[in-house]
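Chains here go by letter, A, B, C and D, matching the order in which they are written, and residues are numbered from 1 within each.
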Amino acid sequence: MIDIRIQSSDFNFEKEIKKFQKNKIDGAVVCFLGSVRDLNSEEELKKLEIEYYPKMAKKVLNETVKKAFDKWKLSQCLIIHRFGKLNVNEPIVLIITQTKHRKDAFRANEYIIDFLKINAPFWKKEHTNKDSYWVEQNKKDLDISI
Amino acid sequence: MIDIRIQSSDFNFEKEIKKFQKNKIDGAVVCFLGSVRDLNSEEELKKLEIEYYPKMAKKVLNETVKKAFDKWKLSQCLIIHRFGKLNVNEPIVLIITQTKHRKDAFRANEYIIDFLKINAPFWKKEHTNKDSYWVEQNKKDLDISI
Amino acid sequence: MKIIFFAKIRELIGKEEENITLPENVVTINDMVSFLKEYNKIYYNVFENYDFFIACDEELVDMDYKISNTKEIAIFPPVTGG
Amino acid sequence: MKIIFFAKIRELIGKEEENITLPENVVTINDMVSFLKEYNKIYYNVFENYDFFIACDEELVDMDYKISNTKEIAIFPPVTGG
């Protein structure tokens, strides 16, 4: 099962994880959850806005998950990436990977978020109490060899 | 926040993860969820029974999490490990790690589950439709260098 | 040719998309960028002063990619999702 | 000395715990194992034929660990949690 969703609405963690628990064979599930952080500055974050290129984003996420399926023995994989205006603490991205052996679930999950960070066409804009700023790409993300 | 629980009852994923989302600074959360798998044999698993050494289990999990806090910049960590008789698909262990940078959350989470697997005094017994068997230690777990 | 823009580059260009007839001598992405830089000073500013990526029909491409069969060209800044 | 057992070893011994007065010449874990193997054939069988670990007051110890200040000794098979 591959489930990729790009949506503005929030999601229910319990509901998503329960789908993975129905798999009787593969006991290891790893989740990555990325949420909106407050700014490390004097300004206060009011909203984090996420813009994306719909057709390409879906395509890149699909290709990423297919690569992960080829490299590790994934039985199920979910990606939810949100767009629109989000508040501090709201979830941005959820990635769930399921495998028989836990090492594979960790590796696959990290691979997907690393790849997503440098390749998937999403852009963040911070709306603070003073101004609005496009987020700059984190150079650390580019240093990751995949 | 360090939260370590050893309990027979099930837990609510949504409720546990929501506590982590309240942290406004650290945006990366990684979860590991281990569940009861069906047997890869002709016999049918009826129950998986987990026995443990209460005082020592609590101590080992505490020490493990403290080591993880020292090695990575963890802001929060939760471990729930269940005991008693569980059905196929029921969760056995949940580990949640939260950090500012996602790499640390992945590393710390994997460190904790690896360490738990070889050091925490829990034992699994499989009750099938035919007989009962104590689970043998997975040699792979011992090969992990920490 | 339909060109679409995203995020900061969309704001700099001042529109979400633009239909431009590219002259016949524009063969590669590099040719297109040179052409657009001459086309007006807004494009000149974007390509001179900002990091950008180009995708042809939803695939990232290099500057020497030949655009002849492309339906949609997207120009956007470095991605910051996840 | 209070000795407690877990999992398969608990089942082999046939009880959850046993209070045994160890003689004065039992100084290390190794001495205790030798003593228990002579104590009865159930212990002999366990120590001869099964993998076991020993914890003194909830800390895993080696065979040469001195047990003098220990309050509780636990004997159990390799762990299989998680």
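Quick note on the criterion: a residue touches a chain if its C-beta (ideal position, glycine included) is under 8 Å from a C-beta of that chain, and two chains touch if they have at least 3 such contacts.
Given the structure is predicted, the values throughout are model-derived calculations rather than measurements.
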Seminar exercise, completed: Looking at Cα centroids only, farthest away from subunit A lies chain D
Problem set entry | Separation of mean Cα positions, subunit D and subunit A [Å, integer] | 49
Problem set entry | Between subunit C and subunit D, centroid-to-centroid distance (C-alpha), Å | 74
Seminar exercise, completed: For the pair subunit A and subunit B, the C-alpha centroid-to-centroid distance in angstrom is 23
Problem set entry | Where subunit A touches two or more other chains, by residue | 34, 92, 113
For this session: Could you list which residues of subunit D touch at least two other chains?
Result: none
Exercise. Which chain pairs here would you call touching?
Worked result: A-B, A-C, B-D
Exercise. Can you name the residues of subunit B that touch subunit D in the complex?
Worked result: 34, 50-53, 55-57, 59, 81, 92-93, 113, 116-125, 134-138
Exercise. Along subunit A, where are the residues that touch subunit B in the complex?
Worked result: 12-14, 17-18, 20-38, 40, 88-92, 101-103, 105-106, 109-110, 113, 140
Seminar exercise, completed: The subunit C residues in contact with subunit A across the complex are 4, 6-8, 10, 51, 55, 58-60, 74, 76-82
